[in-house]
Amino acid sequence: MATLIKNGIIVSTADEFKGDILIENGKITTIGINLENHTDDIVNASGMYVLPGGIDQHTHFSFTYKNAKVRGFETSNAAAIGGTTTVIDFVNQKPGKGIVESVKEYDKNEVSNVAMVDYSFHGIVFEATNEIFEEIPTLPKEGIPTLKLFMAYKGFPYHCDDEAVFRALKASKDSGVTIMVHAENADVIDVLQKECLKKGLTDPYYHAVSRPPLVEVEATQRAINLARLADAPLYVVHVSAKEAMEAIRDANISGSSIYGETCTHYLILDTDNLAKPNFEGAKYVCSPALRSIEHRESLWKGVKKGWLNAISSDHCGFDWKVQKNMGKDDFTSIPNGAPGLQNRLGILWTFGVETGKISRQKLVDLFSTAPAKINGIDYVKGHIGIGYDADIVIYNPNTKNIISVENSLQGVDYSPYEGMTQIGNVEKVFLRGELIVDAGKYIGKVGDGKFVKGKPFGLCYEDIK
Amino acid sequence: MATLIKNGIIVSTADEFKGDILIENGKITTIGINLENHTDDIVNASGMYVLPGGIDQHTHFSFTYKNAKVRGFETSNAAAIGGTTTVIDFVNQKPGKGIVESVKEYDKNEVSNVAMVDYSFHGIVFEATNEIFEEIPTLPKEGIPTLKLFMAYKGFPYHCDDEAVFRALKASKDSGVTIMVHAENADVIDVLQKECLKKGLTDPYYHAVSRPPLVEVEATQRAINLARLADAPLYVVHVSAKEAMEAIRDANISGSSIYGETCTHYLILDTDNLAKPNFEGAKYVCSPALRSIEHRESLWKGVKKGWLNAISSDHCGFDWKVQKNMGKDDFTSIPNGAPGLQNRLGILWTFGVETGKISRQKLVDLFSTAPAKINGIDYVKGHIGIGYDADIVIYNPNTKNIISVENSLQGVDYSPYEGMTQIGNVEKVFLRGELIVDAGKYIGKVGDGKFVKGKPFGLCYEDIK
Amino acid sequence: MATLIKNGIIVSTADEFKGDILIENGKITTIGINLENHTDDIVNASGMYVLPGGIDQHTHFSFTYKNAKVRGFETSNAAAIGGTTTVIDFVNQKPGKGIVESVKEYDKNEVSNVAMVDYSFHGIVFEATNEIFEEIPTLPKEGIPTLKLFMAYKGFPYHCDDEAVFRALKASKDSGVTIMVHAENADVIDVLQKECLKKGLTDPYYHAVSRPPLVEVEATQRAINLARLADAPLYVVHVSAKEAMEAIRDANISGSSIYGETCTHYLILDTDNLAKPNFEGAKYVCSPALRSIEHRESLWKGVKKGWLNAISSDHCGFDWKVQKNMGKDDFTSIPNGAPGLQNRLGILWTFGVETGKISRQKLVDLFSTAPAKINGIDYVKGHIGIGYDADIVIYNPNTKNIISVENSLQGVDYSPYEGMTQIGNVEKVFLRGELIVDAGKYIGKVGDGKFVKGKPFGLCYEDIK
Amino acid sequence: MATLIKNGIIVSTADEFKGDILIENGKITTIGINLENHTDDIVNASGMYVLPGGIDQHTHFSFTYKNAKVRGFETSNAAAIGGTTTVIDFVNQKPGKGIVESVKEYDKNEVSNVAMVDYSFHGIVFEATNEIFEEIPTLPKEGIPTLKLFMAYKGFPYHCDDEAVFRALKASKDSGVTIMVHAENADVIDVLQKECLKKGLTDPYYHAVSRPPLVEVEATQRAINLARLADAPLYVVHVSAKEAMEAIRDANISGSSIYGETCTHYLILDTDNLAKPNFEGAKYVCSPALRSIEHRESLWKGVKKGWLNAISSDHCGFDWKVQKNMGKDDFTSIPNGAPGLQNRLGILWTFGVETGKISRQKLVDLFSTAPAKINGIDYVKGHIGIGYDADIVIYNPNTKNIISVENSLQGVDYSPYEGMTQIGNVEKVFLRGELIVDAGKYIGKVGDGKFVKGKPFGLCYEDIK
């Protein structure tokens, strides 16, 4: 069982060259120039870029807000046609259950039978009990080396106070687990939200007003201090504010194992989107909130310089007409989150590579290679290299396409990127050697996605020893 | 009614010269050389330093921990013989009552009839109710322009979460009130305390172990961020950690109205004191905890450079044998705080001026002039200048004295400075022109201390307009 | 011989109150309320501010550029009517002569017989010989504790290279001398000037183009590094660039004895002035060049915060029509410098105090008290305090006046502040008790100005011990 | 003509795996697992690391100090046995000749006929004439995209003042040339050297005393400021002081294209070496001088974090007994520089990889991949990737060896690393597919090294567009 991809421009974080890739039994076994045609399954990639399949390290296929549930893994073919071959999904701890148990149930009931790309998991703490803290050191052996806590969302079960964050960090020390945080000051948001509502300011735009950048900066600095106190590594998800990014950068410079990601939407959208009339703004309600253009441009600088080391989608499939509409008269009741899993590569290519903001090598790193390392799955994923899983994207740089919900497999009734012109398109995608996207269409098999065990400490590993 | 102080070396923040001071009706009316002897009441200050009476902006004459109550204003003659003529006392809000009502009751019942020095008040929030936040803007007209919140002390009624701190800051904006915070992360301390106890580490020394410097640094940075979010000034009390001081300095440099003080004990004691055997360490249990010598030396630099603008005593009169003993088997039950009101001047003179760490001008500023400004009482206090209250200390620099509980009027059974050699001594003290200390003995009248109204915004005023 | 100034609002760096000042034998001997009228010479200062006479620590009464010589001490009555009672004049070392010899000759020939205000001197190195470096430690005993070196002006005799600056700093160490530098990178300016001229860009505006802020920032950082290498204090004159100021501030924070001043014109003029047509721009040619408004506003913040500790005029009396005209066709031949001695107080009052940028206390400090300390003449000058020289300005805050060359005594044919409206005016000035300005007119006697010996190390003293 | 290297552990900056490399016509054409044996030339690399051949971007094969000339390219086999397959040699501009002419003459006369590894060139300015500045933009088309200026060495022909550095930077802007500087303050060194000699302090140790870290820090900051003024990229060679590294890092963070390298010896030697008796210290006289251990450890952190992006040898082959001996009685006459070309890989492996200070991936980057990019030769060199020159090192990690001059091919009578134990050894080296080292012995052919053209702007390219 072999496939030969020929004459593409192969891009890794380290090089770029015209060549061929031989896939055998789902693995990349040979890379070279003018490889012999040992197989009949030959793919002509001439004029195309050949990239490692994307790793989206931040998706929510299972979040529920009040009675609104996001679209699940049955829409994971959207990842595939967007060039993402592995998602690391956030799994909410279930009431009265441990992290591992929650993950396993979820995997069995909602993932393994429908996944159309490979997947790994992060846990999310919902009940900060002694049992959970005791469970933390055991997570790596289950292949779940990451655990997130929400510092935001006062009043919700998943909100974690400093005690929880600090205890989680302490428990993670030396265990191989990297604690992740959603860093926003829950109390301040709560006060500002109530203040807005009291003044009758209920439009989606006030989502941003009640979550100013300093709310994120404060919590980020706090999380960093807690990590230092615990002497444990920390990963800050969806960084959106310039000074939060700088706090992470400076902590790293000073020698702490502190890292962070940003997300696609923070790089090309801004607060103006939230101000769209007719409740359109609700489509852009995610947390942290979209920022001003100054923040946005600083994030581009930050990903180029490596101050943030990955770009995820923070994909969250809530519908607009029904689900987002819960907050029609009260922005605080709009379910947070936006879909974007399908568009990550196209957007980074269009607004990053084509504008010269980042090189193709950097794109590959932010989109695939670094997320694989961060989550400890770089032993099989994230790189076009010998022995790696043959997760490969063939990207045609020569087309122009309008992004629209009409072309979306995300199962949601809108796209936050509606109407934008994307340069290039995903032509073919291989998952462990299987062609699952052809001519941009998903042709794979439901349930063919496999669980990938994460190894301890991921990218932080080198720093903490 | 006039008094003439002759031939002393008069020290202000601005100058130092040999001269005379004429006091009429409790005020300084004339300063000069060879003033005529219009009065029979002539005090020869030859060879002595003549300083403005001290302002101790941080005393606790009314704190109760469980059933242990500190010594009160009946010991305020200790201030007098220590060269402090005004104390700004922290008043705990009473259950179900407002700040002003609590202060007035306290003043009436426990202060006005026994005060032996002048006094002003800070409020302390115990119940962060809507009523309290609404009361904040009304405080200045009652002469109480400062209000403190405890970020530390999880589980105690006075502990305030971020919501309370943020709401207080917002309420204070433009009102003339300066919010003060005790900045330590309550959650982290709680976790570390329990961890110590669980390990059987119950000695006083673990007070410091469970309150590492980062606990203070984190809360200080958080408070600064909250103040920025609220666009309100902030005053951080009893700063003890180098990086906390630097955070305040840097916030100030960046343009925020952020200030802080340190205390006498942080400048000359250190964690070694907490390690004293036979429960002696308990005498040094105060919060934040005593720090290492590196922190201590950085604080000296900080007060010299003006990064912290006042030195208070954080006086807290708990007995050792009975009250501190509550924590004999559990350091978390030791009442926090140490007495020191009486020793502030002697210590700053001995370890600051005599060592060359600070000039006499700087001492006057940190000990008296700046605290007067900070608390808005500089219209009558804190300076040897025309029209000011004749609160004057005559300091003899030529003696050496051993500090001991035996010479203390603090009403407590120990002194944290026991056995130290003090250079110089307070010879005479005038309070509004009345001689209340002579030959180092208190000779004033119980109840002669008067309330001094604080004016809005104090030292921060210039910055925030 | 006594004078009594009654009922003025007396302002010092430490206080402000309505009161009286008794002057006896040229000294302030008594300050108080309702002083008795022991003298017939009573001055009613009711409704007026009573300030210490100004110290202008940066004047050039003796500079020569090619054959153009500035106006000298015969115009020092301009200082007097501007509220400045002491100037610290820069004295150029004469060919083949030492600093002291040059100063003494200058004093004898050009100063003592015509000075109309008191004066002290800084030396300027013109020939960086071994003899000069050997002379440095001897300067304090002659009352000249400051010595300036020009890092700018490549090709001119007074230009000093790093060897000279470093050797001067090393020689000054522990001697009591504070080295001052004009900090601009001479080489870069030279290259940029030639580049401008080569392109035919000869207008005065190109003075600024050829001296961008980084030219100053670089040299300032270099001087700071040289001072650290020599372990000697440093004073940077006429700081105009934001980042240069910040470099000084940060060096000071880090513990070095590094200080700097700015000048009146950098606080209210900007590069637009240099762009005035008809060679009017030449009136504003001084070095460093005028900066953008952003720099200007940062300097206001810097003087308020104390990052720069004095404001001088850098007075330099070149005529426009003849002398500045030397550079009609070549901006590099315009003599550098602008007159401003007379306007310092009026401008700081108008644009500083009246706008709320600085308090009156801060004005007094920047205008008089700090310069007295910096130059070691604070034992007699710079303060309204007992025993100080009775150098006193009575300022009427209730008038408005148009600044114009027509009212100038500076002896120069233009004013860089022409047409600006000044709030308030200098009503009377006393020099050592003598009334030398009355109703804004100079009424003193030519030659009555006296030399004031500077004491070692000035303001830096405290830091370096 | 093909070679197959089998079963080695292939290390690149991006990955590490056990596999095979097929070399055809001097190029790497295929990489994979279990490649078919199409050739008889099969090399078993089992148990060995397979690394890209090193790029030493800083060698001096042609420096002359007074009448002492270093060993030249006839010793370049030392590079080969040390695992370095390309050197970028510094070529001194010849009197009256241009950079290109000087390089071509040198290449023809001293290099091409004897080179035993591939090579590229940097120019060094000796005469900062207009002609040189005009020549700068023409260098890239000759394949010389880098040009160094010496800010140090006052009094020597190659010393460049700020005018020269600034003009070179301006000339380089947009041309593709990266200016490199040796950053030390020449004037300060000169003063300190004379001071030492005057005091009779003539031992090699005073080399360090007369070149304290601040001398480097100052010049580095100055060069950065000059580069900013010129809006041109800058590369700082042989960074040895912590604060110099930090200045480069911070300039880069702020957005400037500023980079730097360090050298092998700064990572494992320190000032103690200079203090060795019997003139042994002279063996360690290089500039900048060796630093304290604190600096050394900070450099390790810096290369790991990427604040410095390459490690070169700064190889300089002066003999000790004769040439270094010129400074027997005067350390300022000791020829500067030390040999080390042969030991770079072994030392980085031993003290970097084996101690856990850096990963093997990072070693490959610092030793080979980054230097290739910096110098614009990454189109053929510095990476084990398809299409690259087959410059390959087979490193045996399982041996221990004593470094000694006895095993050296450097042609110098000492080794600064004498007696150190090296872990592992270079077993085989391929240069463009030719086996030139076998069993650690050089078996190549004199003159087989080829010139490699450097492409414009190197690593800085991405930043400056």
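Letters A, B, C and D name the chains as they come in the text, with residue numbers starting at 1 for each one.
Note that a contact is a pair of C-beta atoms (placed from the backbone, for glycine too) under 8 Å apart; a residue touches a chain by one contact, two chains touch by 3 or more.
In this text the structure is predicted, and so the values were computed from the model without any measurement.
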Contacts common to chain B and chain C (chain labels): none
Topological distance between chain A and chain C, in contact steps: 2
Distance between chain centroids, defined by C-alpha means - chain A, chain D (Å): 40
Between chain D and chain B, distance of the C-alpha-averaged centres to the nearest whole Å: 60
Distance between chain centroids, defined by C-alpha means - chain A, chain B (Å): 51
Multi-partner residues of chain D (at least 2 other chains): none
Chain B residues within the chain A interface of the complex: 161-163, 166-167, 170, 185-188, 190-191, 212, 214-215, 217-218, 221-222, 225-226, 228-229
Sites on chain D touched by chain A in the complex: 10, 12-15, 17-19, 22, 29-35, 249, 252-253, 255, 301, 305-306, 356, 359, 369, 383, 385-388, 462, 465
